[in-house]
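See below for the structure under consideration.
The chains carry the letters A, B and C, assigned in the order they are written, with residues numbered from 1 in each.
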Amino acid sequence: MSLHDLLIAPFSYEFMRRGLLSAMLLGVSGGLLGCVLVLRRLALMGDALSHSLLPGVAAAWLLFGTSTVALFFGGLIAGLLTALGSALLSRLTRIKEDAAFGSLFIVFFGAGVALTSRLPTRLNLADFLFGNVLGVSAGDLWLALAVSGVTAAVFVVFYRSILLETFDPVFHRATGGRGGLVHMGFLTLTVLNLVAAMQTMGIVLALGLFLLPAVSAYLWCDRFISMLMLSIGLALLGSAVGIVLSFHAGLASGAAIVLCLGLIFIISALFSPRYGAVRSLWRGGVR
Amino acid sequence: MKAILAAVAFGPAACAAWAGQGDGRPLRVVTLSTVLAEIAREVGGGGAEVVNVVEPGVDPHTFNPSPADIRTLIDADVVLASGLKLEAYLDRLVASVGPRGRVVAVGDALPVVLSMPRSGAAGEMDPHWWHSIANMLAAVDLVRAELTRARPASADLFARNALAYQGRLAALGAWVTAEVATLPPARRQLVTSHDAFGYFAHDYGFAVHSINGLSTGSEADAKHLAGLIDLIRRENIRAVFAESSANPRLVANLVEETGARLGATLYADGLGPAGSGAETYAAMYRHNVLAIVGALSGP
Amino acid sequence: MDPSGQNIVLFRAATVRYGRLTALRDITLEIPCGSSTAILGRNGAGKSTLLRAVLGWQPLTSGEIRIGDAHPQHARPRLAYVPQRHAIDWDFPITVRGVVEQGRYPSLRLFRRMGQADIDQVDGAMQELGISDIAHRQIRMLSGGQQQRAFLARALAQGGDIFLLDEPFAGLDLFAAEELTHILRNWEAQGRTVLAAVHDPAVARHCFTRGVLLDTGLVASGPIADVLSPANVDRAYRREHCMHESRARPAAGEDAQG
């Protein structure tokens, strides 16, 4: 097989170009946000949020039909209610944020299941409500571009606030930083990206792009900025290799990308020269 | 409600007494698909009360019974299921509910059974048998036998009804044959998002190219989709078909990329809901055939 | 800025309530310029609340705080802050230099990059605390003393003249604590004003010249030896329940006798 057949031929198809582009666009923003999620120990938030979107999407479907815009805003509203609601609950009551989040998302998920069981349709949730990287429409691509652009712009403009709030929120606050605002803004961005990613690419790939590049980068980097850059780089690499692999090997594309990212993660976790498991065992003992 | 309490209170004795109770009460038949409901209603006529628990529009592969459905199942004299593992939940349901009547998997006893397309696993069968009219005719006989066994006194009624219904099915078959004959064999290429039309294709000489796997749950891969695009371009296939139950996004991309038209929605997993124009088997079948022949014979 | 000897932080009847709970009661206090002051008291006596009030982050229920002539929120450029070290994630991907640079962030506007002046200030702070040669190490790869110095350097880089330290000795080993004492004494000698929450009276006696003893209200303030008189210590610490601090108490008593 020539290099052309291997790398260029797959992208003679429009759906392949769109799939790659949407995965890369949302990989950039997912890679950025993922770093903050990982460092703030909110890694499981994405998973929880993905469940909480259900009632919003189902309600939008009931009210407005299958238009992408309606479904997007339905999911967005449900996600924001969960994320901001739990942030607010944890500040106003003695409940900690993880418990508030866990409770709210399961309530939302329950409501979503109840709603979808009332839908008079053969609704296959994973397929229908959420996308597929091979089924990206031109509209989805614009959505991904907008969301990714906004996210990248926010990181460029507010880089220092994000770093301070992630690393040392007390210092940030003490020096006049708007910690609460940064936190809420961050949650909003996360929901926005997750909804867009799930809508265009499906749950598995959305969560994979959010977490795996960031965790892998965390194992290599000693500077925040380099972690962000490496995370983006790994997201792009994984998307490209994964989608080409899925083309030649006949694997489901979302899963193939996640597997590539997963391989990068496992290699990083084992063999990272400073923070890998092998080195840790070699030097005698677990930290 | 009282009856159920009584059944629970007096146990098997009460059940037995109840089952033997006079023939004046219509036979209770519960079905797990819209097609079977029609067969049971046609064959049973006034002698059977048919309740279908899987509504039109619900995906039969992943149907999730409600408590009311389960109560209906317990009370049934006969439970009719499509079989061939279409109802993946069936064994578990029977084991946990323990219906009083017989549970009959109709598809398991049919003459023509195809293996699943694109499936490596041996012994996995395509469960969408009702898209073959020959199978429908056999299924009618099967249902007649089951109803007769449960209510021997109505044997004549059931036999008369079955014969009449089979007559209409045969007429439908003749119409379909004539209709499909207008389509040149080279154009008999069916691209759909769900492999439900194997039996139809087998009976009328179509080649089926699926977008997804057999069940609505499996995901497409890039290689398969690219192959499909090449095929549509090469063979100049006029139209592709997306079902009401499948992911329309992939199909939209396929249509956009190949320039093929999007055919009308086909009914793959059962009859259409009230008001859809496909509430009966014959109407559903006519709709599918007209949609397929019309779109594929286009310019 | 202020001529030496002038009072730099003033409290006038400062009171903070959280709902029904009073965290600080009617504090009237003057902290002179160039002093190093330990804020003492048992847990819940209001040490952290007082620090936060000076930072302008904790609004007062009544009374006022002035820094120089200004309200705390307007005096922010003069204030430099060192949080407790247990709040830091030492695995964070950041180097010593990265931490120190954060000292410049509050005074940088959006879209502004660090200028040469900022870089000089960062370099100067690292040099003063002797961490220039480890500038590119990740922060877990440092000794406890080096870690503390990185955060002190960040405070220096902020460019203020009033340093607010929240429990700077907590979690430091003996050697690192000695190092920190040395640094703080140096700062005092250079006329920097240091205000630190300290829960251990023995430590406070050892490295601060002045003290403020709290028990939500003000128990005593002034030179450290006077503030930590046996009578005051007894008054401020007698209601403690915490095991850790009850071990500290006889030690404080011995010190007072010796």
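Note that in this section a residue touches a chain if its C-beta (ideal position, glycine included) is under 8 Å from a C-beta of that chain, and two chains touch if they have at least 3 such contacts.
If you're wondering where the values come from, they're calculated on a predicted model, not measured in any experiment.
Visitor: Among line, ring, star, complete and other, which one matches the pattern of chain touches?
Guide: Contact map by chain: line.
Visitor: Which one chain sits nearest the middle, judging by mean Cα positions?
Guide: Per-chain C-alpha centroids ranked by distance to the global centroid put A first.
Visitor: Please tell me the distance, in whole Å, between the geometric centres of chain A and chain B computed from their C-alpha atoms.
Guide: From the centre of chain A to the centre of chain B is 39 Å.
Visitor: Roughly how many whole angstrom separate the Cα centroids of chain B and chain C?
Guide: 76
Visitor: Could you tell me which residues belong to chain C and also touch two or more other chains?
Guide: none
Visitor: Note which residues of chain B are touching chain A in the complex, please.
Guide: Chain B reaches chain A through residues 55, 57-59, 62, 64, 216-217, 219-226, 229, 244-250, 252-254, 256-257, 269, 273.
Visitor: Any idea which chain A residues touch chain C in the complex?
Guide: That would be residues 39, 157-158, 160-161, 163-164, 166-168, 170-171, 173-177, 218, 221-224, 226-227 of chain A.
Visitor: Okay, in this complex, where on chain C does chain A touch?
Guide: Within the complex, chain C touches chain A at residues 52, 55-57, 73, 76, 79, 81, 83-84, 87-89, 92-95, 98, 102, 105-106, 108, 110-111, 136, 138, 154, 158, 164, 166.
Visitor: Mind listing the chain A positions that touch chain B in their complex?
Guide: It is residues 10, 13-16, 18-19, 66, 117, 120-124, 126-128, 131-132, 134-137, 243, 246-256 of chain A that touch chain B.
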